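Have a look at this one.
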Amino acid sequence: MAGNSFGNAFKLTTFGESHGEALGGIIDGCPAGLILDFEAIEAEMQRRKPGQSAIVTQRKEPDSVKFLSGVFEGKTTGTPIGFIIENTNQKSNDYSHIKDVYRPSHADFTYDKKYGIRDYRGGGRSSARETACRVAAGAIAKQLLKDIKITAYVSGVGNLQLDSDYAALDFSEIEKNPVRCPDASLAKQMEAYIKEIRKEGDTVGGRVTCVLQNVPIGLGEPVFDKFHAQLGKAMLSINAVKGIEYGSGFAGTHQKGSEHNDLFNADGSTKTNFSGGVQGGITNGEDIYFTVAFKPVATIMQKQETINAEGELVEMQGKGRHDPCVVPRAVPIVEAMAALVLADFYLLNRLSKI
Amino acid sequence: MAGNSFGNAFKLTTFGESHGEALGGIIDGCPAGLILDFEAIEAEMQRRKPGQSAIVTQRKEPDSVKFLSGVFEGKTTGTPIGFIIENTNQKSNDYSHIKDVYRPSHADFTYDKKYGIRDYRGGGRSSARETACRVAAGAIAKQLLKDIKITAYVSGVGNLQLDSDYAALDFSEIEKNPVRCPDASLAKQMEAYIKEIRKEGDTVGGRVTCVLQNVPIGLGEPVFDKFHAQLGKAMLSINAVKGIEYGSGFAGTHQKGSEHNDLFNADGSTKTNFSGGVQGGITNGEDIYFTVAFKPVATIMQKQETINAEGELVEMQGKGRHDPCVVPRAVPIVEAMAALVLADFYLLNRLSKI
Amino acid sequence: MAGNSFGNAFKLTTFGESHGEALGGIIDGCPAGLILDFEAIEAEMQRRKPGQSAIVTQRKEPDSVKFLSGVFEGKTTGTPIGFIIENTNQKSNDYSHIKDVYRPSHADFTYDKKYGIRDYRGGGRSSARETACRVAAGAIAKQLLKDIKITAYVSGVGNLQLDSDYAALDFSEIEKNPVRCPDASLAKQMEAYIKEIRKEGDTVGGRVTCVLQNVPIGLGEPVFDKFHAQLGKAMLSINAVKGIEYGSGFAGTHQKGSEHNDLFNADGSTKTNFSGGVQGGITNGEDIYFTVAFKPVATIMQKQETINAEGELVEMQGKGRHDPCVVPRAVPIVEAMAALVLADFYLLNRLSKI
Amino acid sequence: MAGNSFGNAFKLTTFGESHGEALGGIIDGCPAGLILDFEAIEAEMQRRKPGQSAIVTQRKEPDSVKFLSGVFEGKTTGTPIGFIIENTNQKSNDYSHIKDVYRPSHADFTYDKKYGIRDYRGGGRSSARETACRVAAGAIAKQLLKDIKITAYVSGVGNLQLDSDYAALDFSEIEKNPVRCPDASLAKQMEAYIKEIRKEGDTVGGRVTCVLQNVPIGLGEPVFDKFHAQLGKAMLSINAVKGIEYGSGFAGTHQKGSEHNDLFNADGSTKTNFSGGVQGGITNGEDIYFTVAFKPVATIMQKQETINAEGELVEMQGKGRHDPCVVPRAVPIVEAMAALVLADFYLLNRLSKI
């Protein structure tokens, strides 16, 4: 109810501020008997962590996960998996300048109004640092889902758009460049553009596309917890996300039914996939694909006029080490949230029939 | 968990199939002491009901709501509000032809696979008829929210797009035309186009835009239950929805932070509103606006090849009375779901401070 | 959250006041493919209904259940099962005399203080009539649980106590007498005593014992949702219940560990069963047995002094037709709630292992 | 759903095994602005911790709580409060002897059957060590509830019973003796008896009574989440609890309505309090009192025959340092769970009226 849990059968609850002693979470509902690959979990953490390349924030955080419970002799026991991620690089002084200032397009103002108090150090709870817990939990969900393939990639940075269909792309290229765009030459342009943006002390928005393959038929719980409704909530809960479309999405609003309907093959698969792998809120075995819109990061290194808690107009300028464009690091976060949604519905589907 | 409930503090649970005896629902958590305006509830039902104009399905359903509990002497009592909506016009024979057939881009196939059984009459639970219960509950939520103004309208039908900013529109025009588009001349074109589409025995997609005004500051529960995340789930749970964007949405991915940031006025309001009224998942007092994408209705009156439960290829053709374009009737549904999200967060916000 | 739902995987939500048009509920999560025996459901309703014998209230209510959804061609479809029970015998005038009066040991005072309004007709939502919905849902849960045997009986009326161990009793006797006590001769005394109490215009308390047999090993979710914790909540949620003990219960507090420990047989069964079929919150395959304490019904036919809403002392006397002792009719309610707890954990247990 | 969360508005989720690196929890929903008294929290931990007196286990655990989030400059921020309690004294070798053995009346057998794996070190998740997290969270709940007075005490050890009414007791005596019995002379006998029991290598059961005073009118959510139903679940979820009765409890089953009804005074208070402070599931402002039954601790220092995972009969004997009687240390746990129930309903009650 207070909003820090996600999922039902496979449920993640997180805690932690960007500058507290540690962040962490509890996974409640991971079935017993899962052999955990801790290196795979660490690898996911590395994909999200700051300082991994020249185009992301240079903040240094090891971001390694310490598991405290729910695992015995390498296997999950069916009891809650508690974990923490220590904040080793807090630099609270970096934030003294915003103690009394509401940064434009940040959560400073809304948290203060809602709670009457806020942890102003680095955005506190509203910091994207919280997503580290999601990536840790998502990495475990991925291991539960073995055969399901979850692949996210950058499909847009500002005006540089990747428009080709996902099927035409070489996914093996994604992790080969710091932008995580499967088109190598476009990736180079994006990288150059992001560096230029940073030089300007500015930031830019972008898009992440994600494809879920080998998803079993039957996942999703109509009517309110439709597969794509819960998936949409998961994506919109990620910092800076302003929209999601799956399957034909907004382009589908221009189509006619005679064009959009996905006709069946005799084996139950479909000849086209405008539906994006979901019918009536339930997965149909086709690929699920969706695109997520990220606004530009609000913290810029240029002077901006803003107000303080007293409502006085003041001038401020971003400090510290921030991402000029969030999408490269958002890729593993999008995958993690998709994995959490899949794991939850994968388990819930065991309850569908007598 | 089985997915038929929405909300926490103001919680709606629905039941019912399109061709059962009745649909209905329970609202649990409506506070005591609310004087209900039953005519206003009926008015919302009329906005959604079939047969209301020449461009929607001609099915005849009175769709009137019978309240069974939770109201005494005209006021809510704090106990659950149970209600039913009878199915007076079932015509099950209309559906005998699809008993064993999986209609393309319908939920027939996925329900059968998930549950091993389906009520094939008119789509059963997957029918959009279920949204009648949402409109009834949303109408009560609207009355709880008094001062908040919820306005949805059609902003696109196929290629006919309304691109002007919502602030430039005359909302009083919306209910004056059957399309529910605030631009009277565009509405005429849309109406003509929908009639033409129906003549072709085809259907077409469209968009609905919604604006929430006078929303109190502080609604929304970070981090997973952000205001716009829950709103997105609500919209994506509506039949035929393929995407949602709020505030700057997908266009915002092309912007720079220096353009996108909403600078404050001294009073805490903002000079621009690219954020769409939400910061860090919490409402900031500015208008909340979003657009929802609807795919074309899957039932068309043209011959299509499909398969039956035995996996044999068969030819089928839609029968009965269906909407050529769903967006005119979707307007009150979008408003209802927005009202449910607002009512829930409005109540939950009472728990934020000691 | 507003408290009208019970269960997670097999979830019942109820609505309705004793004197509204109807009561009803929604079962969300009943798996698809269950063939429903409607006569068996009606039979359970008959066991609870008023007027069934000379020692219960003579109110006449058919209490038959009308199912509105979730069932197709005699089978559950996996969609929510909505049902209503009409109030055919409302006699609201019976209650005019308590419109402004707070009856002693009733919920009149607390509802008024909590909600600022109450439906004074027959206790409104606080009436035990609400349990009719539980019996209807429990009857479906029983059908899902096939092999599990749920047997409740009256083990005490006032000072007339049945002290023999359940294993020594002849359960086939229970439904042969109106008290539902398996000891025929004690049943006769109880029956006579209840009639005497009614002559006095008084009421008396009693006990119901329940035994769950053939329960699979592994039901229950530690640590907060232990099998017996959820069972205890279920029982304490029944009107007039003041206590529950299971297994050795309060007597066990006098024992030593060397006496109380249940030693294993080689096959994993235990030589004794002081634990009452649950270890660490999880069923161990032994019989689960527990006893529920019911206070005397608050409505008596004698003059009592009480207060009205203005805080004035007034004299009142019960009218209408009430139970002199609630336990005979409580037997099917205890069974129904036990069935709901079992059904929920039975389904949740499918999530324990990968 | 997996059972490791308690509460709705004020929600505790716990993790941790007795011999993992740490236990901990997350409190989600503690309102912002509460000034935390950390010494008071530590004081509660000390009341529960092992080794505090000669009659409890001599295991040494500092049991101090480390808070990781949700608190800033001494005040709660409205974000989740994460905390851990390190296991400093694990001595896993103490448990090698039970690696393959199912201890009688322990959860070894049921966990193994449910999950197919168990952490055999000290009972793992089923260890009462988990209750340390409840005490930590309960201590915060107590601070939220300021004016409400929560007092638990030992009312029985084996056959030594404290029968006087709580109103006749001197609560200031409770913490003056290691048994936590408010009757000094009975406490001495209990203490002597517990020492004797330990000499025998045996254990004994007991009772804890708890009184809640100055509880506001209106707490509790009918019909399933009645105040006392949720309270009963809370108590039954504590290790070794076999029963609960509140108000007149089991004795009330012998009473007549004319004796049991609590008549009102003009001010709305009642002349008697057989109802135990709750009417229709809602608090009425009178004292709430209840008694909890604890079975004897299962681990005894005497030889017992039992079985191993292979179903072979083997002989075992308890080792290590265990409580001969659990009730003295259970007192703060009962208070903590009562505080969690009160805090949850205290917040939820803000949602009752418009």
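When the chains are written out, they are named A, B, C and D in that same order, and each has its own residue count from 1.
Operating definition for what follows: a contact is a pair of C-beta atoms (placed from the backbone, for glycine too) under 8 Å apart; a residue touches a chain by one contact, two chains touch by 3 or more.
Chain by chain, the UniProt names read as follows: A, B, C, D = Chorismate synthase.
Small disclaimer: the values here were computed from a predicted structure and weren't measured.
Count the C-beta pairs in contact for B-D and for A-D, then report the pair with the higher count.
By the number of C-beta pairs in contact, the winner is A-D.
Counting a repeat as over half of the contact pairs in common, which of A-C, B-C or C-D repeats A-B?
Answer for the repeat of A-B: C-D.
How many angstrom between the C-alpha centroids of chain D and chain C?
26
I'd like the Å distance between the centres of chain A and chain D, where a centre is the mean of that chain's Cα atoms.
That gives a centre separation of 39 Å.
So the centre of each chain is just the mean of its C-alpha atoms; given that, what is the distance between chain B and chain D in Å?
The computed centroid separation for chain B versus chain D comes out at 46 Å.
Residues of chain A that contact two or more other chains, please.
Answer for chain A, listing residues that touch two or more other chains: 1-5, 8-9, 14, 29, 32-33, 78-79, 114-116, 125, 222, 351-353.
Would you mind writing out the residues of chain B in touch with chain D in their complex?
Within the complex, chain B touches chain D at residues 1, 8-9, 29, 31-34, 76, 78-79, 144, 222, 347, 350-354.
Write out the stretch or stretches of chain B touching chain C in their complex.
Within the complex, chain B contacts chain C at residues 1-5, 8-9, 11, 13-17, 20-26, 28-29, 32-33, 66, 68-70, 72, 75, 77-82, 84, 114-119, 124-125.
In the complex, go through chain C and note every residue touching chain D.
1-6, 8-9, 14, 102, 104-107, 109-111, 113-116, 123, 125-126, 130, 156, 158-159, 197, 200, 202-207, 217-218, 220-226, 228-237, 239, 242-250, 252-268, 270, 274-276, 278-284, 293-300, 302, 304-307, 311-313, 348-349, 351-353
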